[in-house]
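So that you can tell them apart, the chains are marked A, B, C and D in the order they are listed, and the count of residues begins at 1 in each.
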Amino acid sequence: MTGQARFEPAFAGYAARVRESFAKQGAMALVGAVLDAVGPGGCSISLVPREALSQQHGYVHAGIVATIVDSAGGYAAYTLVPEDSTVLTVEFKLNLLAPATGERVVADGSVVKAGRTLVVTRGEVHAERAGTRTLVALMQQTIMVLRGRAEA
Amino acid sequence: MTGQARFEPAFAGYAARVRESFAKQGAMALVGAVLDAVGPGGCSISLVPREALSQQHGYVHAGIVATIVDSAGGYAAYTLVPEDSTVLTVEFKLNLLAPATGERVVADGSVVKAGRTLVVTRGEVHAERAGTRTLVALMQQTIMVLRGRAEA
Amino acid sequence: MTGQARFEPAFAGYAARVRESFAKQGAMALVGAVLDAVGPGGCSISLVPREALSQQHGYVHAGIVATIVDSAGGYAAYTLVPEDSTVLTVEFKLNLLAPATGERVVADGSVVKAGRTLVVTRGEVHAERAGTRTLVALMQQTIMVLRGRAEA
Amino acid sequence: MTGQARFEPAFAGYAARVRESFAKQGAMALVGAVLDAVGPGGCSISLVPREALSQQHGYVHAGIVATIVDSAGGYAAYTLVPEDSTVLTVEFKLNLLAPATGERVVADGSVVKAGRTLVVTRGEVHAERAGTRTLVALMQQTIMVLRGRAEA
């Protein structure tokens, strides 16, 4: 299984760097996103559904789901790039599978292939309610590595 | 050109219905989105970039761009469905082409094919600055029509 | 893990039905595809790389890779639909990760979510060479179930 | 409209180079593809539907449609890169809109954004029958430019 691939960070301070970058994203604060976990090639970001995040049926908007899973995939990639590099989303594709609702919505991003210039990730988003988890969205994403351009 | 296809709304009150639905989306208010235009098979939604919408480099977050262009595409589809129907995003794919920044970011959604159950749309997002427009994102989206289930 | 979901076929003759349908696909014979395995919610199809399948660098063409992984995902979905139903690809997204070359190229499709009207699948394509397997492509796909319309 | 963008080839021999590369693709001969047109930022490739290209319902297989539109998009990008460069498909997403059948199936690829490292293209596939054209598929694609690596 692809998911069992092991990745080695190229920069020992990768986790602190993700946390610093996350803190700079105004959009994460806006949607109430929390950075739950960071590891080599993986990142989890969650939020609590609320009215302000909703689409017309009252569920979390597909774009808000996209916001946390795009960041989760991007930071999963960011854990693996050298100290002098940053990352950028080239594109992502998101399937919405079930209403994003419940007590918490959790996005997990994981690296599938880490190339020198491009990193491909997968994302899964689950909704948690009363102890059960439902898969609500599935992502496939391409990230670009910008070398020699660390975040300011 | 596909973009020149003409579409006939199945419900005369299609524009008012889109405006009502838009008003129910908490996420549109959260990101400061404005519904600029609604026509048969098309919809435009814009926002003004600000710190609270940013990713780590200061540009509008890809997920926030996704939020307005997903809604623009979904509402483009919604203009064409019968009175007793609603729409849901099945999936979308978004390419990010340039930093979303400037005075205004405008998402245009347009229907390419309107089937009975599925509607396929395209989206383009432009950034406006000092009178110039830059294409910043490109979307391809699949929308599902739910018949016999008008929005409450 | 999503991949560990268990699915129940709705029609006991699901495997024979996939084999019959596969045999009707002229494109499978054209590319030399072999139906390696069919199970509830999963399907594997492989081919042997040869000059006639190549792109300009001599590797198997992305479209030929798409041909077997699209079919693998579609048949994975087909294992789960009722006897009176058939399936159709709505869309797929394919990332190419490494050159498709070697002794054999194997596409595995697996169902992630089986809805009444739409089924979402994932695909992975590996190249085998000298006992090693390399992930060469990753797919995310949407399949439509057409009820009351069994294949002739 | 994005489609009206004008692109300048970086290499005067761009059209001959596309024709040479096309001739090297075994997969193009296999599916009976014809290179109909090449221009700055655009390429058209067609085929004649036949039994050997079919899926189980008798229409041209989605993967075969993908084969010609992926090449059309890739060659559209290839018209714009320097003499010492080649191109590779990073990923594409294809929506199937109607059965690919009729007298001829034509794939048009066009560049939307030509970056230094990545080129984004769109593809449209039409089926021609008795003088009418039907849009059968829509693609959005990312191409990578490999500099300093001309095709052999």
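Everything that follows uses one rule, which is that a residue touches a chain if its C-beta (ideal position, glycine included) is under 8 Å from a C-beta of that chain, and two chains touch if they have at least 3 such contacts.
As the structure is a prediction and not an experimental result, all values here were calculated from the model.
> What rotation angle takes the CA atoms of chain B onto those of chain C? Round to the nearest 5 degrees.
180
> Which chain maximises the distance between its CA centroid and that of chain C?
Computed centres place B farthest from chain C.
> How big is the gap, in whole Å, between where the Cα atoms of chain A centre and where those of chain D centre?
From the centre of chain A to the centre of chain D is 32 Å.
> Measure off the straight-line distance from the CA centroid of chain B to the CA centroid of chain D, and report it in whole Å.
Their C-alpha centroids are separated by 27 Å.
> How many angstrom between the C-alpha centroids of chain B and chain A?
Comparing mean C-alpha positions, chain B is 23 Å from chain A.
> Which parts of chain A, given as residue numbers and ranges, touch two or more other chains?
90-91, 93, 95, 142
> What does chain D use to touch chain A in their complex?
Interface residues on the chain D side: 90-91, 93, 117-118, 142, 144.
> In the complex, go through chain B and note every residue touching chain A.
21-22, 24-27, 29-31, 50-57, 60-64, 66-71, 86, 88-96, 151
> Where on chain D is chain B touching in the complex?
Those residues of chain D that touch chain B are 1-3, 93, 95, 97-98, 112-113, 115, 120, 122, 124, 135, 138-140, 142.
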